[in-house]
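Next up is a structure, given as structure tokens.
Going by the order they are written in, the chains are A, B, C and D; count residues from 1 in each one.
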Amino acid sequence: MDYQLLINEVYHEVQSLQLEGKVANYIPELANLDIRKFGISLVTAKGEVYTIGDADEKFSLQSISKAFTLAMVFASEGEALWKRLGVEPSGNPFNSLAQLEYENGIPRNPFINAGALVITDIIRSKTAKPIDDILRFINKLVNSDTIKINQTIAISEIKNSSRNTALAHFMKSFGNINSPIDELIETYCNQCAIEMTCTELAQAFLLFANYGQNRFNGDQLLTRSQTKRINALMQTCGFYDEAGEFAYTVGLPGKSGVGGGIAAILPGEFSVVVWSPGLNPKGNSAKGMKALELLTTKLGHSVF
Amino acid sequence: MDYQLLINEVYHEVQSLQLEGKVANYIPELANLDIRKFGISLVTAKGEVYTIGDADEKFSLQSISKAFTLAMVFASEGEALWKRLGVEPSGNPFNSLAQLEYENGIPRNPFINAGALVITDIIRSKTAKPIDDILRFINKLVNSDTIKINQTIAISEIKNSSRNTALAHFMKSFGNINSPIDELIETYCNQCAIEMTCTELAQAFLLFANYGQNRFNGDQLLTRSQTKRINALMQTCGFYDEAGEFAYTVGLPGKSGVGGGIAAILPGEFSVVVWSPGLNPKGNSAKGMKALELLTTKLGHSVF
Amino acid sequence: MDYQLLINEVYHEVQSLQLEGKVANYIPELANLDIRKFGISLVTAKGEVYTIGDADEKFSLQSISKAFTLAMVFASEGEALWKRLGVEPSGNPFNSLAQLEYENGIPRNPFINAGALVITDIIRSKTAKPIDDILRFINKLVNSDTIKINQTIAISEIKNSSRNTALAHFMKSFGNINSPIDELIETYCNQCAIEMTCTELAQAFLLFANYGQNRFNGDQLLTRSQTKRINALMQTCGFYDEAGEFAYTVGLPGKSGVGGGIAAILPGEFSVVVWSPGLNPKGNSAKGMKALELLTTKLGHSVF
Amino acid sequence: MDYQLLINEVYHEVQSLQLEGKVANYIPELANLDIRKFGISLVTAKGEVYTIGDADEKFSLQSISKAFTLAMVFASEGEALWKRLGVEPSGNPFNSLAQLEYENGIPRNPFINAGALVITDIIRSKTAKPIDDILRFINKLVNSDTIKINQTIAISEIKNSSRNTALAHFMKSFGNINSPIDELIETYCNQCAIEMTCTELAQAFLLFANYGQNRFNGDQLLTRSQTKRINALMQTCGFYDEAGEFAYTVGLPGKSGVGGGIAAILPGEFSVVVWSPGLNPKGNSAKGMKALELLTTKLGHSVF
């Protein structure tokens, strides 16, 4: 397979479709993103890198960061983790309090905001400098020390965190959050504001394509079984109430963020990251969704 | 891979766990099933058959029949199908009316009962003898003409169909059902009462492992892309509110039925059917769930 | 208090407001009603009758009939009735299945459709000719034998009863309906199609203003306590998800129907019926709601 | 009517029933209340006072304070108030976030916690010392200056306010709260911790029985129409998801608190307060509910 040819075709075909979407508007820094930006990076299991477009521009991970924090916590906690959250798709938008209420403060899965807050709460209980630990984990995955937080975005997120603050207080009322809420929200907003390029993110996501191994140093961070489980969770829950649509049209495990990034993997084969800030009504990158659909269709290959 | 050895190991390990579950109690014929029954059949993409236990006893498909009716309708209707139902997990039990109300009579996906009723309604609109067509479709998949309906079960299901009748009338009030309700329910209960053995069902499920092709006569019943999509739907929606759990622990697309059967596939590799009538609290075969979890764990291989 | 002057003022003030609303559109016979019709009848506890406008035209009771069937059943069953339904406002539209599902087939109160179907199911269990019994009960309240069913409306309702049929099958699945569903729906649609004039209905509603006594023959049909309870239920549940609004603006116990009628009472003082077929978005007569608000405001008197 | 005889009978009959209930357990200060305490005060519209039992012991108002803050805000804002909250019963427990989510941050009514927080937010926007204003309002109603906050309870409530803090942040995310959340919660917890005796509270509640007039100084604090409206709201929404039950069995507008108090009124006739800390499963005083049911039954008189 000529992956460069493949992503070139995908890139140009998507560009011709004039899918725009809308930038996220809940914080000013995301609202100012240039909607024309569009990049793709594909990295094979062996480490070959293919890129096109704005693949070397930094963007904030937002919810994609949840995949990394889940990996950190799952590696340390194992199955005991699931006492505090579930593994089922929610069928509801990403920040639903209603479901949390019916289910007594136990979030449905680690990729809705409530579940990600629980994961971050666990990280906080293990370390005095949680955000440093998260950055160290990600930097190791890309064999670098340059992955950082965009402070402007982080501050803006903290200022606009009413909904997540509500979620955290609500879970605390059920005894499912231990951190002081303002500190938890600060860590969480910082993790969402971590910036990477398409290529860096694809490098980091190889963890999930390579059965849990860090390609650079050979460390087995997750067992093969744990990696399968995180991939299954991304497949069923990684796209909020569009998870079924993504599985249906793309057929790869993946995770999206409102910064416009989508990272996906084909186990044993490659990781791929698409970035374009225009979002569809469900909050996933419009060009990103289309690009990944075309990619698996042209490839004739997905997990299914 | 020695598949016979694999399923032998799985079989004996599950038997040692004394998982019983409870038989479905909503109709007497299911309540009378012998809870000790347990069989496994695995059929490779090339047609090699491996079995252990009660793999040659007939059991009723129940909701597993939804995979076949979806395949029939998807082949004929294509994407137009999705005007009348969705592709998202429901996050709710299999016969929820609540969600249907919030969503104006459009079922979430083809594997909840409401969605399956819409699928059967479409089959009925195309033919005068819907149940004959369904049986013909399935018989061709197993190169046989012996697959039949268990009339006792069918009649019992019709007598106990209040919930499905409610769903059908409710969707009719939104204009999403065209058949006379009593006739629709009759067809639907008949389809659920189709009986197959583990081996027959695994043969038939090869359709989904073989990228849409009937192994016996070479007919391409579904395109590769359509097969991917049905597999994705089984992965995200095939186990009601335990779909995430099944993806998480097993990692294969599959479909379960309250008759105690579970059918699953690994694309390009094999289909596998487990049958044991004792159900867990979510309505899926207790031994079946465990057997498939062990199978992919021992195999070190799943779609993820 | 000069009641004639009062209702004259109310009538003309409402007419000047050009409130139209929309006629109910779920059956053709209601959709054809003349939206300009508007009548008021007020009958004092002593039997003095005051009318204005189209107070002598027949209209179908629709949900107002639920007050009479509840009175019949409560008189015979007493508190045992509440094993099969509740006394709480639903906070949801009148035919919600969602709530019924969360609450295991026990309707919230006797004035949502599900609850009224249970009431009619109880009547059916006591008599071979349920609709005759209902008509006899109402005719006695107005000292007449002329109250009848509008057959055209009844037939049309039966043809358009998918939602209520769904509700009935759904409750049957929980064991809370005993009648054959089609017969239950027929009785229910017939009861909804009973026709009365404003004056006749106000005469009949005196039952609730007169502490349970039939003014014409002195029969004590309900105890004082039972009458209080039905009035309380009308106050809290008589207007679906506009019950709070009606209590807030009008302050009288009452019951509305999609035929455009509203009947209300001031205990010990009077009953009042307003009829105008134009409905507000919540399904209650637009002119009727306004008329009753003006009536209690001008009167300076309500139950509160 | 000999009111002293009436409340004596009620008191002794309730005592004989051995209704205990459970004290509220969400803060230690409420959990320590003596479950055997039981007092009743009835004050007529003319100011005659009748008491029995522990009618002169202080208890914290808790949610009963919502009636006073609503009166304050309704007097100043009038109907404009209803832009920020509704007048419909919720049909859900008192601190439901689910409903708030479906309804975009607009609380159903002023007596669920979310609605009361909006009311307190409005008070805060008008004054630098909101809790002083609330105390002044209540003290005037009882012609006193001794009504105060129980500081121990207030502090304990602030420490255990996760759920209310979640509600406030959640509404803020919809733009329906303006105060800094921690200050709002402090005011709200202080208002809940105001202490009164049965007699003091009954004196203060005369406001609602006397059509909006302060009996002591003759001030018309609310118009007759406004008073009707608050009474209607108490009737339909004053007892959370037991509002229908209270209307059904008691038939008076009233408000309960988890401190064990219930205040109710019969317009033009009297106010009545019952206090006993043992709560039923819905969070309303078990003895209080029974006492008021007996009171209206023996009296043969309610608003209905």
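One rule holds for everything that comes next: contacts are C-beta pairs under 8 Å (C-beta built on N, C-alpha and C of every residue); 3 or more make two chains touch, one makes a residue touch a chain.
It should be emphasised that the depicted structure is a prediction, and the values quoted were computed from it without experimental measurement.
Any chain that touches chain A and also touches chain D would be listed here, but there is none.
The chain with its Cα centroid farthest from the Cα centroid of chain A is C.
Chain B and chain C have centres, each the mean of its CA atoms, that are 47 Å apart. Centroid to centroid, with C-alpha atoms defining each point, chain A and chain C lie 55 Å apart. Separating the centre of chain A from that of chain B, both taken as means of CA atoms, is a distance of 32 Å. Within chain C, no positions touching two or more other chains are listed.
In this structure, the chains touch in the following pairs: A-B, A-D, B-C, C-D.
Chain contact summary for the complex, chain D toward chain C: residues 86-92, 99, 108-109, 224-225, 227-229, 231-233, 235-237, 241-245, 247-249, 251, 253, 267, 296-297, 300, 302-304. Considering their complex, residues 96-102, 162-163, 165-170, 172-173 of chain D touch chain A.
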